[in-house]
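A, B, C, D, E and F are the chain letters, set down in written order, and residue numbers restart from 1 in every chain.
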Amino acid sequence: MVLDNLLPLELIDKCVGSRIWIIMNGGKEFVGKLIGFDDYVNMVLEDVTEIEPGENDVKLPKILLNGNNICMMVPGGDGRADLEDE
Amino acid sequence: MVLDNLLPLELIDKCVGSRIWIIMNGGKEFVGKLIGFDDYVNMVLEDVTEIEPGENDVKLPKILLNGNNICMMVPGGDGRADLEDE
Amino acid sequence: MVLDNLLPLELIDKCVGSRIWIIMNGGKEFVGKLIGFDDYVNMVLEDVTEIEPGENDVKLPKILLNGNNICMMVPGGDGRADLEDE
Amino acid sequence: MVLDNLLPLELIDKCVGSRIWIIMNGGKEFVGKLIGFDDYVNMVLEDVTEIEPGENDVKLPKILLNGNNICMMVPGGDGRADLEDE
Amino acid sequence: MVLDNLLPLELIDKCVGSRIWIIMNGGKEFVGKLIGFDDYVNMVLEDVTEIEPGENDVKLPKILLNGNNICMMVPGGDGRADLEDE
Amino acid sequence: MVLDNLLPLELIDKCVGSRIWIIMNGGKEFVGKLIGFDDYVNMVLEDVTEIEPGENDVKLPKILLNGNNICMMVPGGDGRADLEDE
């Protein structure tokens, strides 16, 4: 059996140029194209939609997210909307 | 007496390839197969079920969890459902 | 295709001298001119407006924000007021 | 007078093989046998009881606790139950 | 045009010996004279007034604040009281 | 004028062997004798009283507090009880 081991930073690196779904500690969620990251898991996203439950979506051209406060990253995701269709 | 000492990263390393149960700071819980981790306890999980008390389970193919915000890891766990059967 | 990769610290560096919009973990928001930062994403802002939802704006000549507690930075932003006009 | 100075990691090291009581940031409490730790104060516990006020105790064979989110460790403790008897 | 760039630690260093206003993550606020700091933005204050909204002010001769949990520093500030007079 | 500059770790070092008052992020407070600390501001206290507003005090012989989650240290303090007498 070959274990398809994948390091956290390798997974993030594979996502550069693609859309990802980020959930922050406080509950904020972002969907956008990942255009850069560093060892602290800080991330730069482009063409971002901020989704906060119970509020209108907000469009942002480019943001920096602090790795400290990122809870989870889902590659290729389109946020919960996508999942709820399943 | 031999002390069966076990370092934190050794325990995580033993779990690679197996299912684990993760509880995040904010209360989110995940069950999935661990496929990678690093020294910051960042983890990559596959075939993930996100369990949030009072909400429907969400299935996610692959996620990155930020070690910063992981509260607890239980090896071989299947989440609370498993425990409640005991 | 050329990937326009952009590292987090590069994005912050490009913003020095310009106005940015910062959202802190606890919900506080600041708009001001970035005049310095370091590797921990600590930031010095000038001509700052602190915006806390449901409270009056507060003007501050110069502040230091702790990178630890910064959730998100939006370059060139003027805060939510700007977005709500769209 | 001789000061009985005791470094934090020395105290933890003395507890390896014994039962300890851990209180996490979010309020969760664990009692278990410490079988390993590292410089980040990550800890591995065995024969663990998770105590959450107002909920049933949960038994867990082995867990990893993230040092980041540990608030307090009490050596030789048996949790609050022990204290309330005094 | 000359950019008056100012690094975070430079700003703090300039404040040593002067009164500053500190806002912590959890909402606590302190006004006092800064008498020392380090690279983690830990700070020692003297002649301190702790201000917690809705509670009486508390006077403290000397305190250590953990940089981790400092949200914002305002140089030369006298807290919100000062701002509300404007 | 001579500035009586005092580094954070110097202040803590001066407190070893004396009683201190600690306030944690989540609101817990401890009064006890400091018997050790490290560069991460982790602290070992002896003869400790845990004070949680609205609850009975708890006596603990020895505890480790995680520096990460310490908000403030007051040297020579006896907690709020002391201050309220002024």
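In the analysis below, a contact is a pair of C-beta atoms (placed from the backbone, for glycine too) under 8 Å apart; a residue touches a chain by one contact, two chains touch by 3 or more.
Here is each chain with its UniProt name: A, B, C, D, E, F = LSM complex subunit LSM5.
Computed from a prediction, not measured in an experiment: that's the story for all the values here.
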Fraction-based call for subunit F (LSM complex subunit LSM5) against subunit E (LSM complex subunit LSM5), same above half, different below: different
Chain whose average C-alpha position is farthest from subunit C (LSM complex subunit LSM5)'s own: D
Superposing rotation of subunit D (LSM complex subunit LSM5) relative to subunit F (LSM complex subunit LSM5), computed on C-alpha atoms, to nearest 5°: 60
Chain whose mean Cα position lies farthest from subunit A (LSM complex subunit LSM5): F
Inter-centroid spacing, subunit D (LSM complex subunit LSM5) versus subunit B (LSM complex subunit LSM5) (mean Cα positions, whole Å): 20
Chain centre separation in whole Å, for subunit D (LSM complex subunit LSM5) relative to subunit C (LSM complex subunit LSM5) (CA means): 39
Centroid spacing, where centroids are CA-atom means, of subunit B (LSM complex subunit LSM5) and subunit F (LSM complex subunit LSM5) in whole angstrom: 34
Where subunit A (LSM complex subunit LSM5) touches two or more other chains, by residue: 25, 68
Circular arrangement of chains, read from subunit A (LSM complex subunit LSM5) onward through subunit B (LSM complex subunit LSM5): A, B, D, F, E, C
List of subunit F (LSM complex subunit LSM5) residues in touch with subunit D (LSM complex subunit LSM5) within their complex: 16-17, 24-26, 28, 35-38, 40, 42-44, 58-60, 62-66, 68-69
Contact footprint of subunit E (LSM complex subunit LSM5) on subunit F (LSM complex subunit LSM5) as seen in their complex: 3-12, 25-27, 41, 67-68, 70-75, 77, 80, 83, 86
